[in-house]
Amino acid sequence: MSSATPLPAYTSYKHILVSSPGPFVAHVEINRPKKLNAFSQEVWLEFGNVFNQLSHDEDVRAVVLSGAGDRAFTAGLDVKAASGDGILSGSDADIAKKAKVLRSHIEEFQDSIGAMEKCEKPVICVLHAVSIGLAIDIACCADIRICASNTRFAVKEVDIGMAADIGTLSRLPKLVGSTSWVKDVCLTARDFSAQEALSVGFVSQVHDSKQAAVHAGVALATTLAEKSPVAVQGTKELINHGRDVSVAESLRYTKVWNAAAVQGKDFAEGLMSGLKKTKPRFAKL
Amino acid sequence: MSSATPLPAYTSYKHILVSSPGPFVAHVEINRPKKLNAFSQEVWLEFGNVFNQLSHDEDVRAVVLSGAGDRAFTAGLDVKAASGDGILSGSDADIAKKAKVLRSHIEEFQDSIGAMEKCEKPVICVLHAVSIGLAIDIACCADIRICASNTRFAVKEVDIGMAADIGTLSRLPKLVGSTSWVKDVCLTARDFSAQEALSVGFVSQVHDSKQAAVHAGVALATTLAEKSPVAVQGTKELINHGRDVSVAESLRYTKVWNAAAVQGKDFAEGLMSGLKKTKPRFAKL
Amino acid sequence: MSSATPLPAYTSYKHILVSSPGPFVAHVEINRPKKLNAFSQEVWLEFGNVFNQLSHDEDVRAVVLSGAGDRAFTAGLDVKAASGDGILSGSDADIAKKAKVLRSHIEEFQDSIGAMEKCEKPVICVLHAVSIGLAIDIACCADIRICASNTRFAVKEVDIGMAADIGTLSRLPKLVGSTSWVKDVCLTARDFSAQEALSVGFVSQVHDSKQAAVHAGVALATTLAEKSPVAVQGTKELINHGRDVSVAESLRYTKVWNAAAVQGKDFAEGLMSGLKKTKPRFAKL
Amino acid sequence: MSSATPLPAYTSYKHILVSSPGPFVAHVEINRPKKLNAFSQEVWLEFGNVFNQLSHDEDVRAVVLSGAGDRAFTAGLDVKAASGDGILSGSDADIAKKAKVLRSHIEEFQDSIGAMEKCEKPVICVLHAVSIGLAIDIACCADIRICASNTRFAVKEVDIGMAADIGTLSRLPKLVGSTSWVKDVCLTARDFSAQEALSVGFVSQVHDSKQAAVHAGVALATTLAEKSPVAVQGTKELINHGRDVSVAESLRYTKVWNAAAVQGKDFAEGLMSGLKKTKPRFAKL
Amino acid sequence: MSSATPLPAYTSYKHILVSSPGPFVAHVEINRPKKLNAFSQEVWLEFGNVFNQLSHDEDVRAVVLSGAGDRAFTAGLDVKAASGDGILSGSDADIAKKAKVLRSHIEEFQDSIGAMEKCEKPVICVLHAVSIGLAIDIACCADIRICASNTRFAVKEVDIGMAADIGTLSRLPKLVGSTSWVKDVCLTARDFSAQEALSVGFVSQVHDSKQAAVHAGVALATTLAEKSPVAVQGTKELINHGRDVSVAESLRYTKVWNAAAVQGKDFAEGLMSGLKKTKPRFAKL
Amino acid sequence: MSSATPLPAYTSYKHILVSSPGPFVAHVEINRPKKLNAFSQEVWLEFGNVFNQLSHDEDVRAVVLSGAGDRAFTAGLDVKAASGDGILSGSDADIAKKAKVLRSHIEEFQDSIGAMEKCEKPVICVLHAVSIGLAIDIACCADIRICASNTRFAVKEVDIGMAADIGTLSRLPKLVGSTSWVKDVCLTARDFSAQEALSVGFVSQVHDSKQAAVHAGVALATTLAEKSPVAVQGTKELINHGRDVSVAESLRYTKVWNAAAVQGKDFAEGLMSGLKKTKPRFAKL
């Protein structure tokens, strides 16, 4: 279990620990180290709820995500728990009915993990050690990825007889610069290293140890937390929106977005402090 | 001519050779080495038919594509054959009518080459020596690209006075990590090397010789052929589908896809062998 | 001020200098070196007009863009001029009315800069020294980017309390190979170097000095200007169109485009000179 | 208040009454007749929750929605309640911050009403008497609309100084056959009658009284509830999905959807009963 | 069996009869009247092939489609033949494998029927008597629909336990003016009359008898066949393309399309004959 | 020539007359009655400029468009003027070059007419007498269409050997409720009457005479001009934006749009006057 002090507003979670390493920064830890931080349904529901709460928490301006303990960011789906569900165990239910249950189940899982992408605050994902299967789906929902040099990455789903369905196949090809590489790792389910992740652009930084990587993540989050929240959250939203639409549509949305945003005090404050070479102070958002 | 033994089901093809270097693996060779494996209409029609057939062949789970002989993967369009066609030779036909014929002609050509992308089995493209013009259009339809160090790549079409129209301009920018580079090679028609192709993410591996590259391609295909066909083919489909739609639409499609796929035996088999640390065996698909 | 001789057709511009370093090549310089080539409204309107004119100028086949003077490609928005506008200064106008004025203002700005992307001739952007804020929006509209080793890049908008809205957030993620990197530089507003720009694929070449970079840009433009204008302009159009649509839609558009283009003399000329190993000559377009 | 007997699973709702007029049919009533069934935030949150619950309730196969009492389906937003919120009353908060609060508020409202569209069971909306403002947003989320002859429709938002933002402007133009008519009623905020609604295709049936309209709605729902749930729910999903994508994408999704659905027993049952001219019986879904 | 004289080029088809009631007009008849023109796999493959052939036949400028005999346009899928297939009969094959076979089967069926939409010549569909299930999928692929007053329409699939998957759910909502009506007929599977089809805009004309309807269809086709083929085929293509893209994209495609088309002789001929008030003559396309 | 008194700001136009029949209402007349209001290039450039100017004119809140004189709304393209252009007359220019000129020419024409759709104020188009060819392209860009009973409509382009390319084929199918009807009138080029236009939803009102129709148009514009400009212009924008995107994207854009709009005084004014039953007064926008 992580030894960090939980933020009071987040103490009800059982598997997720939220602490605050500095002003306006939240540190979210997947906190099942004995299970290699594997995800049962209970874990992913909590995960989604945490990020929904962070999205509306005006005391948080940037988020760091990591796994508790040294052995894993996360080993992915808690297969043992999953195979206890009626969903995965063989049953004689009607095929169409099982398909409906499965669709509903996958959707809940996708939505819970996707809550991190939808969270309006930037999220820095710090990976280390075992980071396979769901670990990649999760990392793909973060804004910036950094990792420890001992990270063992793998898009592992093919090895349990299925195509990844919580987001890796939808998002990874849009995050890195080589589809040939994406298909290689997704089709073979092979491990790839921190260095390889860096060279294809999946992560932005590699550090010597988990500790150093978390430290760097917190430092980066601290930098973001000192910036204008209007500017930072707008930047996240506009990049994410732009991914899925044409440039013309993105420019149109941007125009409407900023027509309200630049009327806020942050822009005046930012502009003036730029001209006067003073340090700006930004109100809560 | 390639000296491989053709698979019985594929002996009717004249310019394409299909052999099997191992269980569930097909090796497709463009087999006109004297013409630098250049494509006349007859060749591209065969090419499309081969991949349509492979897509439905349950004895094939992974495909390697290469060119026969040492001199070229392919030198692209067989310009001499093409200039014999009424299509390219100057005629006094009506401009609108010629436009219709040309659209139909380009569509047939696009569809034939695109059959490789549509083929449900993963395709590893092994490039070597002369790999220009159509070679790039073809390579862009593969899932994973590897090459020999002597490969001479070029998006050559500008040098014959036309914009590439069989897929390079549509697919290449979505496969690699630098649009500045893409426009450079597409606008200048300049050669680029295996090393350059590797550094921009166009290919995933470079090997010392064609032989080594083909060997690596077959090894990779063999790995894929041992995996669950349900998982592998689903992964290919979901990545390809996701390229052209928003992440939300991709996730929705994924959900529906897997609602059937994970009811198959491969998933149960994969899951159990994972828990029991045994080697799974997957049925034909 | 730049010392180049302006092209006669472009002498009416006050802040933009257009000269011709060789046949069919135009060199566009942002020409306010004392202001670090910063953009007031007057500058961006001229910028748009220049590229609209170049698009229709049949004596121009390729364009190089750079900043005049040694200190900056551009320092971005002329903040002092901007804060004099009613738009940015605090006023007591109605919020909805201000939103309308702002939308209209941003649209004009976006359209002026986007004119460079819409220009039918390829544009090579040469960056050097200070290249921040709007410099990135502009560079993203070019086809090929090269820079001097002393270039200081930054997506600076967050530091003045706003999300970039002239195109960087819409285009940059589609130009380079790492979204993690894009979000890092856009959220932190940190500087990045020429070398970093090269390694993520933002620029294609780094040169020792501004002079060397401009020289390389002109050389590249000269190469493009010797090619078939039908082929070069078609290639630019098809890549740009393809960015925003599915591959299927891109192939359909390509087919219709080339059905006219290959009936032109350039294709016949290109094809024949290829067969006969002669140097082709292409007419004005 | 409605006098119907609530379904046990839905008794916790305060403003929404859910009863069952027949096997597998649910009747949802907006139940604030003294307030003309106007919506405060509490009402719309309940509304969303009811439809989320119905979507997963296997004892429900078709839903009828109406307003309680004779005076209104709904008079729309409870303006008095809304003007008590900090959101709408004038405050001196920062404009950018207010914009963020408003976006979040509108999103919650949109999602709550949209839950009816997302509900997997078909919904028949029965309108009568006052049906203005939000009434149209709600009706647009239903599958089939029928109404009493005394219905007074209006897209009323322009008359309170705003553009409708809970879905009317997004959905209405895709539901009826004349954009000229849509813009007329949306821009003028004028009333339109049951007969006019019928003639433009907004409603499918007009009945003499609310009672007759509800009766017809229940009869139609009963018909749907006797059909195969797999077929009915699939049909709703495929039509809704198809609205937002190209025909090619819709056909692709359909193919994947039915590849699981027709393996269910409903299809075998439906097919056999068709051949044998017997009445099919379908299991719960 | 129809008594029309088959066109020589189309005599090899067994279930489809193609005759020519006038210059440049083809009349296609589904020719299994004893089976109510029901479709087995053999029929739909022929159907697709006929329209692919018509698309390239320069002696055909407009097509009329009807069913042979008086009893049915078509009763839809030949359920008896279908239940003999391994596909529909219960088998113990793996669910994932059956899903793959089904996807492939549905795709083939969709493509065969869709060939009529893709055919470059306008198709007028004449419906009469029994026109249920697949009849609607087929009619939706035509350009103009007319019918006899005795036509009995139904989107029948729900009654055999499935959602329609050959195109009705994808296309019908985009062809008519009331989604409420579309969902009513698709969810209830109820019959609707010629008059109802006319009032919602599904058909453009209703005639007293099949004979009169076919006569009107041929007259309309004759009118189209006298027009410029460049103009007529361009109009079909541009409307069909526009259905699936934004107006901006449609205008862009239109521009490129016409840049070739208006260079043809038809435009000069049409323009001149308009100025001179003479009857134009158009060459084959 | 129209006898209305031109608005001072619009007196420089030669072929377009802009007058003001009431507060905040502009009446735009195509003013070449001797030429049946046909469009030469000069006319369409003026047409675009007028609507660009109206879009930014805060003294205008609603626009009526009609043709001057009794004989025609417009007879469309001024074919005689057009055939004098190098563009349409036969020349021996290169086909690819002509294609480029034509694309540029069509784009200018499309943009000029499309300026009316882009104009932020609602436009009511009043058609009468001859309204063929370009008349339909223009009418499709208006928000609401009304007409005189003597209107003679036709999508005439097929009769001059070309597919319509200024917008009819892109917009008309999205404006009315029967694609079968759209293709009928577009493929046959036949005339259709005011009554037919009403029944398919193309126009919203038919009046006995041109005078009565213009009167009704002005009355409707007057109604719109008394409403909140924030609400009216927002409604136009959101419906137009929604036409081209998914409902989800439309809702997202709506949310961002209204987050600024409802902070304006019009919303407070509209809300309060609604509660107090007073007549609201709205400031200029």
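Every chain is named by a letter (A, B, C, D, E and F) in the order it is written, and numbering of its residues begins at 1.
We take it that a residue touches a chain if its C-beta (ideal position, glycine included) is under 8 Å from a C-beta of that chain, and two chains touch if they have at least 3 such contacts.
Keep in mind that this is a model prediction, so the values were computed, not measured.
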Higher-contact pair (C-beta pairs counted), E-F versus A-F: E-F
Recurring contact interface, reference A-B, options C-E, C-F or D-F [over half identical by residue number]: D-F
Gap in Å, rounded to a whole number, between the CA centres of chain D and chain A: 34
Interchain centroid distance [CA atoms averaged], chain B/chain D, Å: 48
Contacts with 2+ other chains: residues of chain C: 95, 99-100, 174, 176-178, 200-201, 230, 243, 245, 248, 256-257, 259-261, 263-264, 266-267
Contacting residues of chain C [partner chain E, same complex]: 241, 245, 249, 252-253, 256-257, 259-260, 263
Touching residues on chain F, where the partner in the complex is chain C: 56, 94-97, 99-100, 104, 230, 233, 260-267, 283-285
Residues of chain B that touch chain C when the two form their complex: 79-80, 83, 88, 90, 95, 98-100, 102-103, 106-107, 110, 114, 157-165, 167, 169-171, 173-174, 176-184, 186-189, 200-201, 243-245
Partner chain D, residues of chain F touching it in the complex: 122, 143-145, 174-178, 200-204, 220, 223-224, 227-228, 230-232, 234-239, 242-243, 246-248, 250-251, 254-264, 266-271, 274-275, 280, 282
